[in-house]
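Which chain is which? They are A, B, C and D, in the order written, and residues in each are numbered from 1.
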Amino acid sequence: MSTKTRVAILGATGYTAVEAIQLLLRHPHVEVTAVTSREPGRRLTQVHPALTGRLDLVFEEYTTPEKLAEKADVVFGCLPHGASASVIPGLLNAGCKVIDFSADYRLNDPAVFARWYGSESHDPTRLGHVPYGLPELFRPSIVGAQLVANPGCYPQTVVLPLAPLLKAGLIEPTSIIADAKSGVSGAGRNPKLNNLYPECNESISAYGVGTHRHTPEIDQVLSIMGGTATEVIFTPHLTPMDRGILTTTYSVPTRQVTQAELYECVREFYKNEPFIHVVDDLPATKHVAHTNFCNMALRVVRGRVMTIAAIDNLIKGASGSAVQNMNIIRGFPETTALL
Amino acid sequence: MSTKTRVAILGATGYTAVEAIQLLLRHPHVEVTAVTSREPGRRLTQVHPALTGRLDLVFEEYTTPEKLAEKADVVFGCLPHGASASVIPGLLNAGCKVIDFSADYRLNDPAVFARWYGSESHDPTRLGHVPYGLPELFRPSIVGAQLVANPGCYPQTVVLPLAPLLKAGLIEPTSIIADAKSGVSGAGRNPKLNNLYPECNESISAYGVGTHRHTPEIDQVLSIMGGTATEVIFTPHLTPMDRGILTTTYSVPTRQVTQAELYECVREFYKNEPFIHVVDDLPATKHVAHTNFCNMALRVVRGRVMTIAAIDNLIKGASGSAVQNMNIIRGFPETTALL
Amino acid sequence: MSTKTRVAILGATGYTAVEAIQLLLRHPHVEVTAVTSREPGRRLTQVHPALTGRLDLVFEEYTTPEKLAEKADVVFGCLPHGASASVIPGLLNAGCKVIDFSADYRLNDPAVFARWYGSESHDPTRLGHVPYGLPELFRPSIVGAQLVANPGCYPQTVVLPLAPLLKAGLIEPTSIIADAKSGVSGAGRNPKLNNLYPECNESISAYGVGTHRHTPEIDQVLSIMGGTATEVIFTPHLTPMDRGILTTTYSVPTRQVTQAELYECVREFYKNEPFIHVVDDLPATKHVAHTNFCNMALRVVRGRVMTIAAIDNLIKGASGSAVQNMNIIRGFPETTALL
Amino acid sequence: MSTKTRVAILGATGYTAVEAIQLLLRHPHVEVTAVTSREPGRRLTQVHPALTGRLDLVFEEYTTPEKLAEKADVVFGCLPHGASASVIPGLLNAGCKVIDFSADYRLNDPAVFARWYGSESHDPTRLGHVPYGLPELFRPSIVGAQLVANPGCYPQTVVLPLAPLLKAGLIEPTSIIADAKSGVSGAGRNPKLNNLYPECNESISAYGVGTHRHTPEIDQVLSIMGGTATEVIFTPHLTPMDRGILTTTYSVPTRQVTQAELYECVREFYKNEPFIHVVDDLPATKHVAHTNFCNMALRVVRGRVMTIAAIDNLIKGASGSAVQNMNIIRGFPETTALL
């Protein structure tokens, strides 16, 4: 009889799912017991050849929460926005712990959710009561939680470097501009013209200007950190690489600051965090590829404050944070399977 | 009144179509007058932003050959295999010259076509009477033709370097192995999982091993050149780049040969060809990118004969050859718009 | 006897040189007559295999201006910063027209040059009297010039979209942030660790934060356009692609503006420019790759003004602009060899 | 006091070194205690930013074997060919176990070494007595060895799939052609024009045709496996990706064989190997990226036998095999730190 934590992946055909499974295969206290898909019956390794010889499962149909709860203590929810909140309440009732990769539980205000996602939340009363799964900023609320809203990939690269500066009152909350660059895996695995190799390769472009759904998520965290309602100017760019996000932010300091002060503030804030590297040299996405680290640098240029932060969008930006959250709620050392 | 040759592109939403249009925009004696699509009404520049400010057309529905013939002297057929031969007979009757990009008229034997393409030819009686549009090998038959079968991209990189050697009896026809590497644009512009950026990037793989439809086309030309029925071992590989094909062939010489002999043979054969470069150094696809050139080198290694040839699959491999064929049948200098 | 304009390329081993040569090969009124290098004697095609069969020259040593002037009416100066201004005065005295690709003549103020380039100008008295070769903004001063300072690649993507807005007084000159992303060819062709394929590929990073030498060039043009001394916050990013620059700028409007007003202003300003496309959809570098076009879009997001502009850094950003400038000073139609 | 195995990396500035360190950081029984370089004094993380916050070492100069032996039980030799065999005898005398990444001990015959590497071996008497570190074929000789010659990356992809077929007498040893495609990291980290991003990107080319130094290494293993002196036709191609090798081989069967027979033979041969996946679908380098696996498929096409094998050139092709060899000689479970 296994005493390992049993994990099921709900909607396991995409890039974050295969990444999560690869991390969990290195986890000494965890066993992946089920993977679901709308096309059940296929072998997991047929859909994800990278798992060949490593995990021998067949995709199942998701039927009832009770059935899945028989197989799993923890569920990684990799369903699309909207679908997620339709399923998760049942899983919680059935006793599962859930790490939700979708945006369905990230926003505290149902009205904000409805405005940015174009439809009402399927579980509005829970909004505002689910911890935002960024342990570096919200660890206490994650401990012991039954449901965690795994954070968006872009928001982490904006809020992690800015949170200490906002908390310390060093920058104007109203002045923040975030210019972000992401690899193509962030767009998911559904075949779309825009994500074809010959469309993306040798090209960079902005997209979702003024309309990207990570905007209210960034607003929300920055508002909490700065203690005042904050609206970010956020521009994502599609970059010809598989994985990685690099975000450069620009803000106005509240008073004249030196680069040294910024570094001192941010290093002090994150001094005990195992996955945050405050670095002197400028970070690159390659430095953190395939890791759960966030590397960040700080600059003062012509009186403006700049932060430059890099993560792997599939690891720290999704599956790594999910494992980190699972470690916290299950009481495992937080870095297990992540170093 | 315009005295320019009017060209219509049938099925103009893909990569070869936009490439052809860009070449034709530089052609002093040609005007692109119509583009068709199954989704008429969209602006050409919406589908192909690279044409912004360069060609102001709206996609039309293809209705009757007569209607198109009113607008076009020459039709570039960019329809899929099968669809092409359903439409082209009508266009020929209506008086159009046609350069067909599909495989529908490349094979001389209807039985071979049916075996490799899985269905009968829609125009079987014409097979065997349509010139194969590789001017370097079949120019005389192209002159004055009303219909030309534009050659496949892979076959050119196999048959161009091998034709002189086969004609000279220097290599054994039965011994030919062709290992080809192509950029992703060769797979077309239809959204498919396998062509997504995160699937193709940072990966190389063989595909269509033993089953690729360019195989009988290569067989046919090699058989003509060598004067004996020939079957090639042909393996295409999907390579993480937009465009370009590099093919390395291996064959057994009929007698001991030197590298110098091979070079002499091939250089003599192509001495008047404007688009063939027989080079000493090893070619790379980048050397011919965005050009109509085929660069080829020859080697003798441990008694085997090797050829290495590179083309741009979208230019020499498709649209450039099409313009070259059009120049021949319209009597323009063959290199017009191609240098 | 040839009556074509004879062009020599000084320092012709890099990426801008080969790009310029390819453009000039399509120019009906021009002949490339000489290429120089510090390693004379090598064939041009050995260094640039893409020119195989297209231009048969051998690299020469640059000896005296008179010697080069015997062969060339126009010199494209592709020497490094510093070296350029040591050579160009002699060439001007010898009667050559010069398009200088370096930064040596771009800045009007010798003190600013010395501060950003770390050494005094070799030709300080000419600074301030050489036209900045961005025809869309400074055409009248280029007409009839003997020397033109070809503009930097990054600056074009900042100043082209912002110039009309500054001239119209629609944005605050002090508020401008420019976040730029460039392909690796912009870093030149000298072997350096940072430019190796495995260092750049699958990675994006900021570099030269607060110190990039295109900063004062941008300042200078924005100051002229806005009529007030302006300092930009400019951040370049190294992007895993060969070519292309996409720059997103953020600025504060001087009054509430609509996106429609911005478009009207910019479209009116550039209505007669053959190489500027003011587009509704967001531009991508791929849309302008291998062309002399600059595609730009405008947005208002949460009260801020944004511009997004794309060029090919090797064409519009360097060699295409050089040909455009040459066309102007020689009286050829400005678009010759560029469409 | 630590009872962990102490590992030093000799020549730790390149890609295989950083890869080895990352694997070793996951190894529960190992500690990396020293890294050497010709430029001592720099921080390890400055040269390899991916190790930031993970290993705090400073590069040392290599002085004497005794000094290094004080710090290390096992040495990973990442020196260039030639340099390696100058240093290793001393380290062996000082009691270190050595895994040599160079080619200095791979070939059994000093004359063959001298012919292909252009200079005499520095340690010729040891040649022929050092186990070739491919555990899947030579495990018994590795157990208990003090020095292991870590195998070349390309050879593994040729000999692993062919060894069972040769041993079973199913293919003609004289007929083997190996067409290999490698990512750029295989070319090392020294700045060279050919490895610059804009040279490699969007291009594939053959190199080292008939002259690549992995050829005699392949010959040697194939000769041992087939029991007869064998010469391979081996052609490497430089592919625009960071990592990965895919090799397609072609050979003539000794009698008519079916694909099923080939699979049965190879699956039986590798049935207990943890890192060999004999797969039905065609492998891609991405399926094995960042792993120690070799995935291989088998085909019969028009009477020829084909094998297609993929590895990560930096892991199974170098550092992963090194860890695997270390595990064997130190008595750790062979897969430790490799799954």
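Quick note on the criterion: a residue touches a chain if its C-beta (ideal position, glycine included) is under 8 Å from a C-beta of that chain, and two chains touch if they have at least 3 such contacts.
As the structure is a computational prediction, the values presented were derived from the model and not from experiment.
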item: Chain B to chain D, fewest steps along touching chains; value: 1
item: Common touching chains of chain D and chain C; value: A, B
item: Classification of the chain B:chain C interface as same or different, half of numbers criterion; value: same
item: Between the pairs A-B and A-C, the one where more C-beta pairs touch; value: A-C
item: Distance-maximising chain from chain B - centres being C-alpha averages; value: A
item: Separation of mean Cα positions, chain C and chain B [Å, integer]; value: 36
item: Between chain B and chain A, distance of the C-alpha-averaged centres to the nearest whole Å; value: 46
item: Chain A and chain C: spacing of chain centres that average the CA atoms, whole Å; value: 40
item: For chain B, residues that touch 2 or more chains besides their own; value: 183, 199, 201-202, 240-243, 283-284, 286-287, 289
item: Complex interface listing, chain B residues touching chain D; value: 177, 179, 181, 183, 199, 201-207, 209-210, 231, 233, 235, 237, 239-244, 246, 248, 250, 282-287, 289, 299-302, 304, 306, 308, 310
item: Contacting residues of chain C [partner chain D, same complex]; value: 15, 183-185, 189, 191-193, 195-202, 240-243
item: Residue ranges of chain C in contact with chain B within the complex; value: 25-26, 46, 49-50, 52-54, 202, 277, 279, 281, 283-284, 286-291, 293, 295, 339
